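Chains: A, B, C and D, in written order; residue numbering restarts at 1 for each.
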Amino acid sequence: MIPDYLERILYLVAAVLFITGLRQLGSPDTARRGNRISALGMLLAIVVTLLDQAIVSYGTIIAGIVVGSAIGAFMARTVKMTSMPQMVGLLNGVGGGASLLVASAEFLHSEERGVAVTADVAFSTQLGVLIGAVTLTGSIIAFAKLQEMITGRPITFSGQQVFNALLFAAIVGLGGWLIFDPNAPEWVFFVFIGLALLLGVMLVLPIGGADMPVVIALLNSYSGIAAAMTGFVIQNEVLIISGALVGSSGIILSQIMCRAMNRSLSNVLFGAFGSVVQQSSKSASGLTVNTTSIEDAAIQLAYAQNVIIVPGYGLAVAQAQHQVRELADLIEKRGGTVKYAIHPVAGRMPGHMNVLLAEANVPYDKLFDMDDINDQFERADVALVVGANDVVNPAARTDPSSPIFGMPILNADKAQRAIVMKRGMSAGFAGIENELFYDSKTQMLFGDAKGSLSKLVSEIKQL
Amino acid sequence: MIPDYLERILYLVAAVLFITGLRQLGSPDTARRGNRISALGMLLAIVVTLLDQAIVSYGTIIAGIVVGSAIGAFMARTVKMTSMPQMVGLLNGVGGGASLLVASAEFLHSEERGVAVTADVAFSTQLGVLIGAVTLTGSIIAFAKLQEMITGRPITFSGQQVFNALLFAAIVGLGGWLIFDPNAPEWVFFVFIGLALLLGVMLVLPIGGADMPVVIALLNSYSGIAAAMTGFVIQNEVLIISGALVGSSGIILSQIMCRAMNRSLSNVLFGAFGSVVQQSSKSASGLTVNTTSIEDAAIQLAYAQNVIIVPGYGLAVAQAQHQVRELADLIEKRGGTVKYAIHPVAGRMPGHMNVLLAEANVPYDKLFDMDDINDQFERADVALVVGANDVVNPAARTDPSSPIFGMPILNADKAQRAIVMKRGMSAGFAGIENELFYDSKTQMLFGDAKGSLSKLVSEIKQL
Amino acid sequence: MNEALVGGIVVFVLATYLGASLIGRVPSTLHTPLMSGANAVSGITIVGAMLVAGAGFGWLSSVLGFVAIVFAMMNVVGGYLVTDRMLEMFRKSPRAAAADVAKAAAGDDK
Amino acid sequence: MNEALVGGIVVFVLATYLGASLIGRVPSTLHTPLMSGANAVSGITIVGAMLVAGAGFGWLSSVLGFVAIVFAMMNVVGGYLVTDRMLEMFRKSPRAAAADVAKAAAGDDK
């Protein structure tokens, strides 16, 4: 109902809104506005499509939009902040699923009519199907791992690599058949889809749960490429542009995320294969730790002038964000100052600590980025390490053989004294020993972080 | 002779080479490689065009390429490093001229054949002609100003703004006529070109010579847009893409250049109009300067441990780069250390001081960027200011009413002692007083920089 | 290769480079919202889903199209809302904003 | 509006955004070479000049085309050579290069 050229121009406007939105999403001041600009672009694209001349029946469309929006809105409203990564993974998966369905529908429709498609359309179709399917099942596995519905550990079995290679070969073979033989029997297509879905599962299974944020960013990039391929199939520019945008920005983002953890993308994806289980180069034999009691720690904190709290993954596990805030308030009421030192990869997703502490209404201006606070540790009376481990491991600075060597860390070891709260002597995500715990200035306060913090609070109140 | 689709793909490859090249040009490590990658893209584009089916006669083309390349290569090889900006301006001008000619030829050719062009082609044609013409004459004026063939001062006359407005209105009117009336008489077109050429002159005349680098960056952006418009006329994608790339990156670059001088683009372009001549807020009345003699300065420099040399525009005027190096060598031979502090906008073009000192073979690792050296002035025995003025003016830090307030400056005033070499008490580019000269720690050494430096050298040699 | 395909490739390549250059130095706090915001954009496949579902291609296409619309719409609506919720948590404090201004004034041209 | 024009506009808009995002934080020493390198790219109008000069449109087009080729070729060859000469002067010293490496190692992810 609108002329073709106008439709293309309006789609271009939508694409420009996506571009502007994504750019603004990258900087803190404009991020929220950027997201809204991008949403506006999507709204425009949907409205323009509704006016497309090819659309003859609106019933299905409206119904689908209403149902999908309702489910999406419900999920977004009810999800817990700390479950964001799996939520994004799930949404990404259904997005890939949509591309899979669109490409399949196009394929089946042209089969039905018996028209022979050209090789390039067939190629885009099969690529769209393949990538869409991998995104769908891969994201579902990522979701399940993060939600702890299946184990977070890498799942490997002997012969896995051979199996994957065969699987991949079969997919390439069937895909080629479908592309070059327009008369290929229909079962080939369905087997192709089935194998593609299986591939998605196989690719994500051997990756550890903690790496899932990176995997999701990568799958996000895939779902963009799938959308772009669908765009080639139905010859729609806005799909191609937006899909390509997401495809490349997603890859860059997953690389940035890897770099923040001081790892490479291929190490994340394939690290589980053939990894000689890294022997931590420093072993703890012969060293002893100093432990402390609630009473003792309470006194130190109560009379400290400068306290820096270093939260880590353990804080999230213990869900002790409210207790930590209570303790900080108490110290401040007694005249001390409390700051939070946020490491970029503390926790299991970027921004994990920010989200967690924001949930407990910790004022945003008490949270300090690593670079802003690292110089201040020397002047801190106490560094209170709550469930953090790798992000305060001095081996990153000193031991070139350590797997985390080179990762910038928080200088908790430079503080006058460090109190470390954890349950036992288990290692953190990187699976290595931490010298900080054996340092003479360090005192270990063993126990679940939530429990210890509550006890500290009541102890200090009695002082 | 190559199929259409292959031509477009190869053009796309050329465009990708431009993109990669421009990106790499922005960072010091890869800049040179980037330039070569970009040149490779251009070569590819030219070769592909030679293979275009529309081309039937090669004689003119080969002749043109040979002549143009020879002139270009000769100019590039012989130009003096310090004349780079005007050289770039001139090259940019002829590029705009080429776009003007191509668009004109297309227009005249379709006139000749009597075919009616559609409004959009006519629009692109006239826009290409207009922007190409403005680029051509604007760049020539910029060249003349930098080469000091005409005065570097803003040239204004009363009624100039009215004249420009009328000129612009006439151009819009004639352009509209040409676009909407395919039977417009031919003289309209030629008058249109003439007025466009005049507009280029009028736009650049009122801009001061020192702002020419920014103007050239902006005209460079224009010539990109002109090329893109030509691309719309002859329906050639590589012209559109590359033109648009240059068009937008040029504007961004000129904004960055303005920001480094703490000014706005519109202030550069239109600042000469209606500017109440800025009264420097601090006047020098009642203050006196300390002067020093060659002998005295020589002794101070000879026995200094840490000397920081601050070169400025006066060094370029005096062409004293070799003398400055000789002096530095001498001080180093006597056991002192010498560093050069390079302000980003010292001189009259970005990188002016680097080019100048490189010409005298000053080792690159003695040149320090502002941020790297500013902390070291406090420890310097002598800051030797050679023909610099605005870039060491403390008013930028302290006096909010100063036109350069907010511009980061070199902390020459923090050194133990400052020796300032200039010819008299005239102001620098910004036209304002400089408190540094009246500072009790500052000693003025009046005279042409080249002369003073030579005398210092021979004096020190005798010590 | 036909016209439209080549045109599509040109656009695809340009958009790919553009996407890559959009993501520069992103503070790590924004990684998750950025990921989720980009994810919402990939829901653009809704356009394809609508065209398949509404074109009157028969019941099979309608069914597949309907499911595709539901999926894509979940992705779009859920994605944008989740991103917005996250960003709400990352409001800038006045302190940080002031620091940024100071940095910018100190000359951000290197 | 015809197909080709719309296609051209799409490509123009994408390339414009791409160009703007290519130029990020450029050290001021590189402003002049970057300007001059971009200037050389704008010599792409050589393609148009060749098409006009070589298409056998008659003497007027040939003459205009010839001059346009000369101009554009000056821009191209001169532009790239001048840029290269400038950059040759800005060779990185080992010291500066080392400093960069150190900076990168210290975590360039902010």
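Points worth noting:
Following the convention adopted for this analysis, contacts are C-beta pairs under 8 Å (C-beta built on N, C-alpha and C of every residue); 3 or more make two chains touch, one makes a residue touch a chain.
Just so it is clear, the structure is predicted and the values come from calculations on it, not from any experiment.
Between the interfaces B-C and A-C, more contacting C-beta pairs are found at A-C. In terms of the distance between Cα centroids, subunit A is separated most widely from B.
With centres taken as mean Cα positions, subunit D sits 30 Å from subunit C. In whole angstrom, the spacing between the mean C-alpha positions of subunit A and subunit B is 45. Rounded to a whole number, the gap between the C-alpha centres of subunit B and subunit C is 38 angstrom.
Note: centroid distance subunit A to subunit C, computed from Cα atoms, is 16 Å. The multi-chain contact residues of subunit D, meaning those touching 2 or more other chains, are 1-2, 5, 10-11, 13-15, 17-18, 21-22, 24, 27-28, 108-110. Counting partner chains per residue, subunit A has residues 15, 19, 23, 237, 241, 256, 260, 344, 369 touching two or more of them. Taken pair by pair, the chains that touch are A-C, A-D, B-C, B-D, C-D. Every residue of subunit A that touches subunit D in the complex is listed here, in rising order: 5, 8-9, 12, 15-16, 19, 23, 237, 241, 256, 259-260, 344, 369-371, 406, 408. Subunit D makes touch with subunit B in their complex at residues 1-2, 4-5, 8, 11-13, 15-20, 22-24, 26-58, 60-62, 64-97, 100.
Note for the complex: subunit A touches subunit C at residues 15, 18-19, 21-23, 25-29, 31-32, 34-36, 38-39, 41-42, 45-46, 49-50, 52, 54-58, 60-61, 63-65, 67-69, 71-73, 75-77, 79, 81, 84-85, 87-88, 91-92, 94-95, 97-99, 101-102, 104-106, 108-109, 112, 118, 120, 213, 216-217, 220, 223-224, 226-228, 230-253, 256-257, 260, 342, 344-345, 349-351, 354-355, 358-359, 363-365, 369. Those residues of subunit D that touch subunit C in the shared complex are 7, 10-11, 14-15, 17-18, 21-22, 24-25, 27-28, 108-110.
By the touch criterion given at the top, residues 1-3, 5-6, 9-10, 13-14, 17, 21, 105-110 of subunit D touch subunit A in their complex.
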